[in-house]
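Next, two complexes with chain A in common: one pairs it with chain B, the other with chain C.
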Partner chain A sequence: MTPPVIVGAGPAGVRAAQALAAHGLRPVLVDEAPRAGGQVYRRPPAHFRRSPAELYGSEAARAVALHAAADTLADRIDHRPDSLVWNAQGGALDLLQRGRIERLPYNGLIVATGATDRVLPVPGWTLPGVTTLGGAQVALKFQGCAIGERVVLMGSGPLLYLVAYQYAKAGARIVAVLDSARLADQVAALPLMLTRPAILVKGAWYVAWLRAHGVPVVRGARPLRILGGERVEGVAFEQGAHGDGQGMQTIECDAVGIGHALRSETQLPDLLGCRFAFDALQRAHLPLRDAAGRSSVPGLYLAGDGAGILGADAAEWAGERAALALLEDRGLPVDAARARELEQRLAGIRPFRRGLERAFPFPADWAARADDELVVCRCEHISAGQLRRTVRETGADDINRLKALSRVGMGRCQGRMCGVAATEILAQACGRPVGEVGRLRGQAPIKPVPLSALSSAPPVLPEPEAAA
Partner chain B sequence: MTDAPTPRRPLLVRLAETGRTSVAFTLDGAPASALEGDTVLTAVLTQHDRLRRNEFSGAPRAGFCLMGACQDCWIATAGGERLRACSTFIAPGMALLSGEGAP
Partner chain C sequence: MTARRCVTDVAIVGGGIVGSSAALALRRMGLKVVLLERDLCGSRSSGVNYGGVRRQGRPLSQLPLAQRAHELWGRLPELIGTDGEYERSGHFKIARSAADMASLERYRALSEGFDLDLELISGERLRARCPWLGAKAVGGSLCPADGQANPRLVSPAFARAAERAGALVFERTPVDEVIGDRAGFTLRCGPTLEVRAPLLLNCAGAWAGQLAAQFGEPVPMQSGHPAMAVTEPMPHFMDWSLGVEGGGIYCRQVARGNLVLGGGSGVALDADRARSDRQAISVLARQAVELIPALRDAQLIRTWSGTEGYLPDREPVLGCSRTMPGLIHGFGFAGAGFQIGPAVGEVLAELARDGRSSTPIAAFGIERFAAQAGAPQAPAASAAPAAAAMAPDSRPMLSHR
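Right, the complex of A and B next:
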């Protein structure tokens, strides 16, 4: 019998697997990582020694609980670690598992693919020594390393302060935290954020801790450039609304972590034909779903940050709720009160989510201020100037048209790193709102598949035009 | 090239988990040592500041997202393979090429 499949073994995927298993199904749980946990609760290799408290701080209990849930499921589900999904069509996923490809048919699919950092590039962002904020965190959690001797963290969002705290606590030297949000933004967000006071307090506590330990925290900081020839040597930024270079300051450092909150990983729902709509709060096109997580495609469910950023706690609830929806849709009995409770919790988190966006607002003038020389596409080295010229010369006003004409979003990252920036540049260049220039469409393979794997496997090559 | 190679400088700094068994590999033909449980990215960037040069710009690259999304941490092996350095563990005897001569 064809099993239900869950993609992603983070908080949403693990709770979904647990709920399906509790109802007697044996789902396949596909994940790129060697161990379940996702990025937020990513586990180091088994022989590493740091305690959960050292690894996950105040979230240690949640991390341990999720890991325990995954571990106790081991013989009741088909967990496929080290397995990358590179295509999805016709009721099956194409996997790359340890160098071999395999087609995995599914009967019911829960997509819980999580998020990566949303990156607004600055000149120099391709230099060795620059990682995303999430990447900086992975280096520490998963490998016990800091990204450099003297680290600047910049951008905005809750992760900025969390990573700064985790780094400083682990003995790394944070030379500055540069937050593009102003203190006034954070004050204005207080009423909404008070809906989850514990989290608000935690955030404030990180900032206070950093200051007490001599870490400079600069608000209203606009990163101008990452300095260096062959690797990071410093950062230039300005504070305040000048925009004229007058308030420019530089800091020496050898590593930079950068990110402006998170962006959902939506390529599988895209390949599978889900309907999307522009979400003004998240400034992104997101797959439509109902309160239970049903997408517009029957049998396809969405849970966790991959369907819209709501954080790790919400991901656990959404994963379980999506699994209950899958069961309900098969006519299996589920606990309706539990389903309702999960939906209420998910709805209840939304004011806080709006508060976060108010506290760490998207710098809407980013594109207008981006220099022509800025490399937007790090895969194929395509600059903001090239994109603007293409818009000027062709009148392109849709991101997929711009992709076809300039190759932006066609490189190895398939737009995961450049898509936000390219869309912002396009909107600015053609003078349309960012929600009206389309969304970057995915195309298989969404992650590179080695030729050796393709040649060693049965013929399951994607149709190259399928997603066009 | 007749330029004298410059000494290598690491990017990553080990802060914890340093008591692991060492793993011998080669980087650009020179012997190198990592720790069991290191990714290829960690193994290389704790002694060197790049994984390869970008084929379009020629500029050095050392990964970016470290979670398998950006695909910017590919590194070549002497056997002609390409490895995604952030998600491949180092193994004894691996022969990795950053494209720069060893110092």
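Right, the complex of A and C next:
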């Protein structure tokens, strides 16, 4: 019998697997990482000795609980670690599993693919020593190492403070935290943030803890440039509303973590034909889902940050709720009260989510301030100026057209890293709202796949009917 | 809302390389042109094809057109303001058997007189020239002045050049209705645009059959979806664009270093969109590794496909309608329209102005399907709504440009 499949073994995927297993199904849980936990609770290799408290800081209890849930599921699910889903069509996923191609049919699919950093380039961001905030966190959690000896973390969003705290707690030296959000933003967001007082307190506590441990936290800091010749040597930024470089300050460092919140990994729903709509809060086109996580494609469910950023707690609830929806849609009995409770929790987090966006606002003037020389697409080395010139010369007003004409998003990352920035530059250059310049079309493979694997793929049997 | 009314000499449906180059050629003749494109010019087959610019291997019937196009490609920057990454890099058609070699030899003999300068290469010379070729290749035929270009750049540039030359180009403007009578044609594009013209060019690619059928000339055209893929950039090792005798894979290395691979068939997602599927990708990968074994260590970073019109004889339809005065067809290029597109545009312009072409096109007449399709119907004098395939988008929008 064809099993249900869950893609992503983070908070959403693990809770979904747990709910399906509890109802007697044996789902397949596919994940790129060697061990379950996702990015947020990424686990080190089995023989590493750092304690959860050292690795996850304040999130240790949650991480341990999720890992325990995954571990106890081991014999009740079919866990496929080290497996990249690179394509999907006709009721089956295509995996690259430890160098081999495999086709995985599914009867019901829960997509919990998570998120990556939303990157807004600053001059110098391609220097060795610069990573994303998420990348900096992965280095710590997976390998137990820091990205440098004197680290500046900058950008904005909750992850900025969490990573700073986790780094400092693990003994790394954070020379500064540069938040582009102003204190006034965070004050203005208070009424919304108060809907989740525990998290609000935690956020404030991080800042206090960092300050108490001598880590400078600068709010309203606009990154101007990452300095260095061969590699990172420092950061230049300005504070306040000058915008003229008058208030420029510099800090020496040897590594930079940068990010402005997160962006959803939506390629899989895209390949499977899900309907998308622009979400003004997240400035992104996201696959549509109902309160339970049903996408526009029957049998396909969306959970966690992969369908819109709501954070790890919400991902756990959404994963469980999506699994219940899958069960409901098969006519299996589920605990309706539990389903309702999960939906209420998810609905209840929305004001807080809006508050976060208020507290760490997207720097809406980023594109207007980006110099023509700024490299937007690092794979193809396409600058903001090249994009603007293409728009000027061709009238391009759609991101796929801009890609075709300029090569932006045509490299190894296929726009996963540069897509946000390129879209912002396009909107600025053609004078349209960012929601009206389209979204990059997804195409297989979702991530690069070696020809050696593809060329030795087993012959494909006739396609079964798509799973309902 | 009052519709904008345009009265013009020639209306063109379809802004691919054929329609766009026809628009440009017509402007250079001084005729007034309106070009209607339901999406963006050069965004379909013309813009997503392999990018081969080759004469070698074409049926002899197409070589006069291909020669004419070859000359146009040679002065691309002058024509459209960009070189479109066009290179006369050579096109090498590979033989995998003695029979293949014999077939290539025959083609060389038959195509003499078309200045293809074909050169057969095999054995030691081949290995010395292409040490990266797999063992199955025993030889091949080189056309040194054939080459490659970037279709994403070239095809839209033809439309922009036409626009600069004075053509009215309407993008994102599906044609909802075509009315043809003795006075000419009226094309309705939603509530915002109406175009009147005594002459109408049908350059709607895989979707052109609708318009032909409306005027009593149904054609047995089928949609095909060539599977395409591209690797990550690699150090430059290959100049030639490669094909294989008897069909199969084709590949070229672009200036950036990526290898563009094509071969086999993808799948249609709907009437408008297609993609390379898992089957096509793995067949393509297998053939690529067989052709160039070192590719096994390369990564594939993107796949795609498009929608292209194929007639049973793999020849295009090019010429005047036999049923509707003023209607001129140019479509159905069977995945090989990119190279000859610019010449087809000039021929269409000649047909519009003079009623005849200075390049032989007798093999491409639409009447060759009349017998199979039954007696042609009378020209439609009444309004007949074009079918959904021509107007997939119910929200017509004028180009903002």
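By our rule, the second predicted complex is superposed on the first by the 458 of 468 C-alpha atoms of A that agree within 3 Å, B and C clash if a C-alpha of one lies under 4 Å from a C-alpha of the other, contacts with A are read in each partner's own complex, and residues count from 1 in each chain.
The rule we apply is simple: contacts are C-beta pairs under 8 Å (C-beta built on N, C-alpha and C of every residue); 3 or more make two chains touch, one makes a residue touch a chain.
None of these values were measured; they are calculated from a predicted model.
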First, second, both or neither for A:412, with chain B first and chain C second: both
Which superposed partner A:170 touches (first chain B, second chain C, both, neither): first
Partner chain in contact with A:103 - chain B first, chain C second, else both or neither: second
Touching partner for A:138 - first (chain B), second (chain C), both, neither: first
First, second, both or neither for A:123, with chain B first and chain C second: neither
First, second, both or neither for A:380, with chain B first and chain C second: both
Most chain A residues touched (candidates chain B, chain C): B
First (chain B), second (chain C), both or neither touched by A:445: second
Contacts of A:304 with chain B and chain C, given as first, second, both or neither: neither
Contact residues of chain A, present in both the chain B and the chain C interface: 380, 411-412, 448, 450, 452
In the complex with chain B, residue positions of chain A that touch it: 32-33, 39, 44-45, 47-50, 54, 84, 116-117, 126-132, 134-136, 138-140, 142-149, 170-172, 230-231, 254-255, 265, 375, 378-381, 411-413, 416-417, 447-448, 450, 452
Parts of chain B lying in touch with chain A, wherever the complex brings them together: 9, 11-20, 36-39, 42, 45-46, 49-50, 54, 56-57, 59-72, 74, 81-82, 86-87, 89
Residues of chain A touching chain C in the complex: 87, 89-90, 94, 101, 103, 273, 380, 394-395, 397-398, 401, 404-405, 407, 410-412, 414, 443-445, 448-452, 454-457, 460
List of chain C residues in touch with chain A within their complex: 40, 43, 47, 152-153, 156, 160, 231-233, 256, 267, 269, 275-279, 281-282, 284-286, 288-289, 295-304, 399-401
